[in-house]
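After the structure tokens below, expect a handful of questions from me.
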């Protein structure tokens, strides 16, 4: 690593997209080659071309990210602080508006927050417009994002009374790791945007509350940062992987993951073959590129939008396919779940390919608008492949008797209440995941996340008791009434009456 | 009872949660031990630690409550009024805002009120924020509370014309006690919050209008206060019981109830195994605890909310179960109904356990959000256990012929119109109950409640006449069209297509 | 008729409800005995006790009404105009507000009005609050009133193209009387409230546009006034009858009706056994009675409301029943339809009792809230008694061949567009009726009503052409898609799954 | 052509509807005979009687239109510019308001526009009230217009994951002409109202983006203007025809069309037998005629509205019928599709009459309100005539094997997203059409239209990838879940339960 002192005068000359240096924490980096691949888009880097980007970098990334991602020869030297001028240090004119919270309302005290919606409102008002756009946005017209949440409200319980429900237990487990109740933190990117502790806080809260954090491939902190914290020593985690177009990168990453004994499972995302069009996110992006006169070329995708999500997905391999399951097995001994499954057919394929489970998910509605809410897919499994749940649910008699192997179905998207979780568990989900709610709670750091989990667990317990349920093993579909949504559930491979016109069904592309 | 005069100086020193005296009606009570069990939460008591709580006590409770609930040795003496100082008597700073009505609009004259909605609006505008929150709140997202009312509007009548409907009778009876029409006042707590006469007024109005009041276990007045009023002498009442974790307390209470000849029935609430999360209520609570610096410990449930409802339910036994029916029979000879039944299975169990009836209810949506509206449960009974209504309805030929015993199904939740009542009666309910509307009408005292009942009866008569019905005995399901909600009705014990994965159905916990 | 001059001083002394004189057009009437029976309620009369009511009378009634309704000995004499004082003539303080239009917006020019909604908005803004309340109000929560209109919008056409539709004919007939298209003006009371010409204008417009007016029993003008106009000489009318509790009054009225050769049919209303609770109407009423200090007694129905509708219905016989069909036949030779039928069973009874037709109607939602929209009843006939339409529709082969007698089904309620009319005709209605829209159009006099009819006819023609239909005889159910509302249609006498508990079905009360 | 100079004094005298001259581009035209046939109504012409109409003419029409439409003897001479006075040249008082954009908001920069909705908002704010009314209006209550768009949002995808979707192709073709993806520009009238380039820009954008423009019969530019542009040389177009009441005019027009080698198909509109009642359009019209004192006669249709759409449709032959297919074949060798088909029966007739395809369309909801959205008709074909799609879809095995002839189904109405297009393609549509969105994008000229197409294509690609689809041939109904709308789909020729009363089905009128 070069220690050569470099003057502001020199740095300032490398201020174009074709020759771009930035300063981070006193180090001077030539970032020209990396900028176009920057998951957050090159625009934000070019804004700081020839300048000090320390503050904006630290708002988003952990200190190790830049060192891990740039080759050593990109480090040009150390900033010669004696050459710093007032002019050079002056904040960019549009930094302030971007940094300002969306609302002038004060962030409410944590004690006054009593449900997941409150956390969302607090985050909406206290985060910057850009962060809010990134967290809250979803694909196109938000049909799927909204349906994710609203479908739960259309399912009634069928509660039983006059049962001994003083002592109940919500304990369960995932791959043998105990959970205090059937909740995990779904992988979600860039938690540092809302709080400096970011994913570190999520991990610590998962530990104190005995649930499991699934770490995003795109977390602001590296998985190593998160799982190596003293506070979470030996506590189990799951890692979520986007398979890279350059497989060797994924292989290197998995080698690092394998090196952490407390990472106990892998979640491979399958629904991001194409990054969704998250329009709220793209609008913020668009404004920014307009304000950025330093870009000499126009981004190629200006006309079709170029939000965070789309750009961050550039490295994801759209050719990931069922044949890759074998390759994955050569890279890790961890149990593997596929995340982003949206059809019962693919659940069956996952089972048939020997995977340990799936996460029914539509990526929070962020990738394909009008993709089906996971609750509908869960019901489709019942309608079409009942053996998957009846014989492979970890609590099923066949699995308990050792006659069948366990296959775990997780669900995320739209989960906002303990009642939502109980409905999913009654229908055979091993656990529910919360993504955005956990991010929003991170705005209050570890304590906020703990409070969110406490709230959901309390709601879950109240719902169990008032349904007459005392343990997870007793939860079954006879406790929910899905009459309002049954017409939305797919019941057969073929469309119920539309005819095929594409000839004999093609082989799946492997 | 101690008459020892105690000075303000001494009282003032007992101003902590660990040592807490208050003055009520000139009596000085050591309330340290009771405060944590206070149904309304300890916070409100600690606010008055070392001070005179007469006014705030009388806003909520009848004079006898404190004497009945505290052991004699908690009475420390009489306030020495000569020692009272201006400083000591000064109202607490936050008393005024709490006491102010929510709206500046004047309470409209009673004559201008023409339906149940008007009473609700009047109550909303004229009660304090805290009272309104307690009365109006329901669980979580109010899905069930709203559905309770809206489902009725989706059921059409099938009216018949050209019938002699000048002379009709709406008379019916409950357990042999005549009702002028099929309405009861559902048990609802704390009516004194809205009017000093509270449940006393409800009882008197029930008498003059010939319907039946079901007295809440948590009424602001004791059942004795209510049924012993001269104005209601010999008039029948029903008492609603929450079974206490400490059974001897329930036994003592039932002994008192048995002592009142005009209490003619018992309604045992079964749906409050866990108190619901009534968020509007909890928000008021939360604000208050913030303003209260006298609490040395933080309430344990701060993070998961601690509203009135939740706190008031602390004493309720979550282990109440079907085996307790036998115990209840040893405590009273009154006919017993189970209240809060939300599934046809439990209706059948109630019949099979020899009970006299049930109240289909979800506690006004206050306990478990997305629990089913009672109308759906009533329809489920038809679909699954038709004999319960066909053979056990008090007006059925089998019961009239003495071949079967009568089993009465009552319904509450969301009833706002006489048309709602007629629909329920046509579907086999013996009577409908109104809870919140009666509380809201209590804001105008006895006269308000009478007017509410008059309005509902008039609406009921108009609906009967315009449906071509002349007496309750003729009301049957052929007069209602439930096509809009039939898909929401449960038709079988098992989910219609979701498979069981929990092994052979477990025995019910008894 | 007495011509005795009477001084203002004398008249002024008869200013109590127990002794009440009023002056109308210079005549002094003792109205004490009639006031309690006044269809518009006694309150409005008592306000003018001892005073000159000419203006307010003429706003509502035709000159002949008072003479027809009061015995001759109630005419006390003529106002001695020389005794009139300024004080006596001064308008009542609350006359002005009541008389002011609801909105300050100018009534738009007739040319700018292009649909039925426009007429409604114009009427809403330009009529007095009281008139608007009377016209627009409906029962309780307006569920039925709103559904009447909204159900039509859920029915899709199944249009056919490539047909010769230049020359089409919309001609049809009712009881042999030609209609330029299948529309009638439904009977609606008190058209003079909105325009001095009132029902006179409706009749003249019906004539020029070749449709039929059904004259309300409660029209502001007498049927004689209307049908005897020179402009409508020999043009056919229908008269709508409320059967009076005092049958001799109905007999006298029918005798007068029989005397008009151009009244060609009778519509007997059956759905007004009990007057509905029209709350908007009652609220206006309530305000007025508060302002009226001259009433010495309080109206008995103050607490349950006492709107126009309810009061005007006092004379209607709630005991009208199927046996009365025979009595009706003895009173007139006119073809008779029953109006207000809301079930297929009653349609069948009407056919079986030999009547000439029915009007499926729920009184514009004014009498029983959540009674079914007529469109659902029309579909119920198809589902349950297909022969009624297949064999008795005037255009059916059986009727045309003389094998079956014709039975005409009319429909009203919520009809606002020509497309609504075409849907009804396709489903077997002989004609649709418009009530409120015609009243609203009357605000512009005869020309307004003509324009409304022109608009509806034009919309009807456009819809016919674009459906590929060229004449009424070709309109059939294969041109409409009712899939969105089929679940709301009753398919059997019994409820589809709810069981009977009332014993063997009772005989109909006759 | 006359070159005679004519003075302003003389021109000014021809200022009545009975004698009406106008000046356009310096030429003086006697337009008296043509004005009543003016597709845009005579009112706008009479406003300029005796004056210079150059500006308002050019806002709407191409220079050639007036010469093509008026006989040579109507050209009276050239304006003698030396006689022009300030008074004569002064703009009409109401020109400014009409010309002003509806909103003061600036038209947003094209780069900030990221979806079709944005183009609509931009057009709404930047176009004149009259243009907006014409473009945006639809029939009656907009039920069909709104349902067109909203039905797509109720269809869920059934996405498959883990497929190789890096390389996908969206290529397809229409009648053998390649399309970069399954989109066409639906014919829409008067694009010049929003931009001077009008349909010229649409054609150029279609070329650069490799989709096909269907040119409206009522385009502001002639088809010749459009297809002869140098930029679109040899590029294929489709021409949309309204068959004229005067068939010889259509024959002449088709002869001109046949003369352009790059017009490769004909779309004959069948759903405009009667022009719909587009009320927003009519209201603008109505206002204008009020302000126009120069009309000596009142337009005959004042009372039933006289909007653009209605007037422009006057020449369309309402007698077009299936027998005319043979006549059409004699006039052109182009493949012919029928546009505006709204029932599966008519699709079958089109196939049976040997046509090359249909456009399922309800004219954007502009002609018959509550006509069915095309998506429902597409599903009806599957339910009723499965062979049409299974055996005649251009990609079907039978067509590819040469066993059946191809029959192409296109769909338009409400298409706003690439996901909408993919759903249609999965259900058998060869392509989707966009009408209004393309007009709105034309506000930005050719570049705007290109951007719209780019956006839709990008959305389409994202949807394909995220559904696991790599080429159009693989798209089938097993990728969509229509459970939410299946109840709306017609399943049989007869109504499912309503009975026929019109006798034996009549022969179709030919």
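Going by the order they are written in, the chains are A, B, C and D; count residues from 1 in each one.
Going forward, contacts are C-beta pairs under 8 Å (C-beta built on N, C-alpha and C of every residue); 3 or more make two chains touch, one makes a residue touch a chain.
Bear in mind the structure is a predicted one, so any value in this text is a computation, not a measurement.
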Chain hops separating chain D from chain B, counting only touching neighbours: 2
Superposition of chain C upon chain D: rotation angle, C-alpha, nearest 5 degrees: 90
Proportion of interface numbers common to chain A and chain D (over half same, under half different): different
Whole-Å gap separating chain B and chain C, where each centre is the average of the chain's CA atoms: 44
Centre-to-centre distance between chain C and chain A (centres being mean Cα positions), rounded to whole Å: 63
Where chain A touches two or more other chains, by residue: 487
Chain C residues touching chain B - in the complex, by the definition given at the top: 140-141, 143, 270-271, 273-277, 279, 282-283, 286-287, 290, 302-305, 317-322, 324, 338, 340-343, 345-346, 349, 367-372, 376, 487-490, 493-504, 506, 508-510
Chain C residues within the chain D interface of the complex: 109, 111-112, 114-115, 152-153, 155-166, 379, 382-383, 386, 389-390, 393, 395-397, 400, 417, 419, 427-428, 451, 454-455, 458-459, 461-463, 465-468, 470, 473-478, 480-484, 486-487
